[in-house]
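Next come two complexes, and both contain chain A; in the first it sits with chain B, in the second with chain C.
Moving on to the complex of A and B:
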């Protein structure tokens, strides 16, 4: 083992940890408030990364996916309105069926007409090829935010645990797995399951400090991700929204009695978590330039390990845990080899779960029927 | 039987065995996302015993015993965790197993491991039928009743004198043995195993078969695994024969959408006790059916 490489490896570990941090915080937000392991987090991470790749590579079809998402969200909103409208029952059923049919036709029209290509051509003309990354970021963030609204409905709002069943906490888990399958296969059926590579829009800008080489985009990503997560934790502590969020996390039955509108706050949590994944995915594409339909699984499972290490539902714990796991991953690859990395990461997680299930910094009680 | 049908039948049988391995813990209220770990252990253990000279019909039971022993040992710490933590712990266990085996040179490491004896469908199918019968039998015993009561309400089960830990450990261990049986059969049928084929997605799919089929009755995993094995394959066949490639490309999108919608409309899975009662006695209303409680209430006789 060549020890002179150690400082470089520590820096690499921190950079990798920076990607895991945001994904781990996204997981921990949902688990802390709603007590379920949200498997749409890997899906949203992957989708943002792939959309960013698609725009950088000039695939206008990415905009079609955005359009379909928006259409579905609009249909859902119309359905909500319809549900609360004062109409006779048969008329309501008819209107609901009509709405579903209209949504299907609209989605089919988008798929067959592919309006994304001309729109993208126009955008590309306006922004220029060097400005594509701006378009990519905007498209990825917007699509993921819209999708989060859709996911919120199907993993939280429409769920009713009827029978007081011990596996009822599995319901949102299973729906989120369903979304994972839908999104992965949407990407596979559009672009295939092979690796998708692009060139970094920022080239290979880097500088050396002593023996250590810093890549500028990676450094900026690390700073950005830490800044966003710090901002989030300050938001949780000081603002009115943050207080409402914490009250739901603490006691979901009492929060509505205290005037917290749970129905309005929960979508906000989903959007925040979704945007965190999206930013992480975008940064991943820019820094590592290779994505595929399964990139979310690899990154997010490691982020889960980081989250558990820091304690479920604990934002600061997730930050430190994710950084630690990034470090462990890089160090074990460096010290032993790439195939070895699973043992320290998952062995550590298994040990933590058995010896100290609250994690290194956790104190919040999870799993007492918060959903 | 044509080669194609035979290969599909094998896949179906393996999925059914795996599903029952996850069903037994799930029927007692534990979510096990570590299927891939037990399947890997079973496949490699049987292959290793077989390679060391044991005939297949000894190697497979030996691998089941081996896997059951491991499951028994880890059951105690893992079953201390519950809910989300249990999902994570079993998941971590599977990853550790995969990580260990890919680093063990004598098991072929990343290059995979060849398996000597071949098991064709004349072995796999009868074994699967036995597994299904065994699980139906188990669910009808006192252990099955204890598992059901823990699934419905653990605190009340304890109050009624059910040995909760015993039932949970038993379900977890027997389930692990079944999964290792499935893994061993997989190895002996394809005569080659590698850790990459038992990945996270496999664990996820098996858990989905069980939860979508329903954890209330022993029919659930059978129907769930059969439905989600046969329907995508049939769609692929339809796509190939009609030339409509988009069906094959998008079938998993619909599969995922069905999962999401089912959790909204049928959260207890496809097959529930109520449904079984209705099918068994279509005109009697069934125990839980709409007319089930319409007659004179039992208390009326006493009063």
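Moving on to the complex of A and C:
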């Protein structure tokens, strides 16, 4: 082992950890508030990474996926309005069927007419090929935010309405797993399951500091991701929204007695968690330039390990655990090679869990009410 | 009437918790709702606050029907509940708990928090500590203070004396009288019949979800049937 490489590897570990941090914090937000492991986190990470790739590579069809997402969200919003409308029952059923048919036709029109291509061509002409990364970021963030609203309905709102407390059931976990599978197969049926590669829009911008080579986009990613998670943590500690989130996390039935409209705040949490995944996915594509339909699984399992290492449901634990696991991954590749990198990661996790079952900074109780 | 409950019916599945209950609360009153365990007292408060959906009946606040309103909307309209078991947020600091109480307000309330600290020096001394360090009595003071910060017109309290020492119960009821003198209307659910009737102006006695007895506090204290209601009648 060549020890002169060590400083470089530490830097690489921090960079990789930066990606894991955002994914781990996204998991943590949902576990802390709603007490379930949200499998749409890897799905949204993957989707953002793939959409970013698609736009960089000039695939206008990515915009069709965005359009379909928007259509579905609008249809669900209309359905919610309809459910609370004061209408006679037969009229309501009729309107619901009409709405479903309209949504199906609209989605079918998008699939067959592919309006994404001309729209993209126009955007591309306006922004220029070098400006594609701006379009890609906007499309990925917007699509994931919209999708988060849809996911919130199917993993929380409707179950809450039916069972009173969505989080006491395994249903959210299963329906989030459903979203993961649907989204992975949407990507596979659109672009296949092979690796999708692109050229970094920032080329190989880098500088050296002593023996260490810094890639500029990676450095920016690390700073950005730490700034975002620290900002989020400060928001949770000091703002009115943060207090409301923590009060819902601890006592979802008491928070409404304070006037907190839980039903309006939970979608905000889903969108925040979704945007964290999306930003991580976008940065992943820009930095590592190779994605595929399963990239979310790979990154999210490691992020889960980081989160558990730090202590389940604790934002600071997730941040530190994810940075640590990124470091361990890079060091393992350096020491034992990429083939065996998973053994040190999961071995370390198992050993720490034997010594400290709550993780490094966790609480003793598993469940709700921890940030 | 500030609060009118008419023909209220609450069901949990097959369990018929409240059967066609009527209740009135005038501005400035302390009204207590008494009854054995399972008489439907807590369900009544939950239905009035909006955390439980009634199967039938209306709740009117200051003449306006609020039956379909969400709980947060009722808080904004001046109705607040101090829930059974205090239910303070133990992962928040004492100060943050008070800020949560004022969640619906956009005007300045820091001065009111300071007044609460003046009234309860124990809370002031622990303002930045997690609320989990508070004793039972302090938690109850925090729960009531938190509800006060919503600037309610009506405060409903669900068994506030539960688990408190006699001395603390004494000061709790003094606090309730104080708040009432300052203009707050109070609906008090209690197991501690004697203390409740000494404090309240009027009372209702529930049995199996229906009113079996109502009247002024003096009338109820003198009524032999009060004890029967607790022992399950007959």
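Here is the rule we use: the second predicted complex is superposed on the first by the 350 of 371 C-alpha atoms of A that agree within 3 Å, B and C clash if a C-alpha of one lies under 4 Å from a C-alpha of the other, contacts with A are read in each partner's own complex, and residues count from 1 in each chain.
Keep in mind that, in the parts below, a contact is a pair of C-beta atoms (placed from the backbone, for glycine too) under 8 Å apart; a residue touches a chain by one contact, two chains touch by 3 or more.
Note that the structure is predicted; figures quoted are calculated from it, not measured.
**Q** Applying the document's definition of touch, where does A:257 land relative to chain B and chain C: first, second, both, or neither?
**A** In the superposition, A:257 touches chain C alone.
**Q** When the two structures are overlaid on chain A, which partner does A:173 contact: first (chain B), second (chain C), both, or neither?
**A** A:173 contacts chain B only, not chain C.
**Q** In the superposed arrangement, does A:37 touch chain B (first), chain C (second), both or neither?
**A** first
**Q** In this superposed model, does chain C or chain B come into contact with more residues of chain A?
**A** B
**Q** After lining up the shared chain so the two structures overlap, which partner does A:244 touch, if you call chain B first and chain C second: first, second, both or neither?
**A** Only chain C; A:244 stays clear of chain B.
**Q** Check whether A:59 is in contact with chain B, with chain C, with both or with neither, and answer first, second, both or neither.
**A** It touches nothing on chain B or chain C.
**Q** So, does A:340 touch the first partner chain B, the second partner chain C, both, or neither?
**A** A:340 contacts chain B only, not chain C.
**Q** On chain A, which stretch or stretches are contacted by chain B in one complex as well as by chain C in the other?
**A** In chain A, nothing is touched by chain B and also by chain C.
**Q** Flag every residue of chain B that touches chain A in the complex, lowest number first.
**A** Residue positions touching the partner: 26, 29, 31, 77-78, 80-85, 87-89, 91-93, 95-96, 98-100, 102-103, 109-110, 150-154, 200-201, 204, 207-208, 211-212, 215, 246, 249-250, 252-253, 255-260, 263-264, 267-268.
**Q** Inside the complex, what are the residues of chain C that reach chain A?
**A** 49, 51, 70-72, 75-76, 80-81, 83, 87, 89-92, 96, 99-101, 103-104, 146, 150
**Q** Any idea which chain A residues touch chain B in the complex?
**A** 31, 35-37, 39, 154, 158-175, 177-186, 188-189, 297, 301, 304-305, 308, 312, 339-343, 345-347, 349-350, 353-354, 357, 366-367
**Q** Touching residues of chain A toward chain C in the complex: what are they?
**A** 240, 243-244, 246-247, 249-251, 253-261, 369-371
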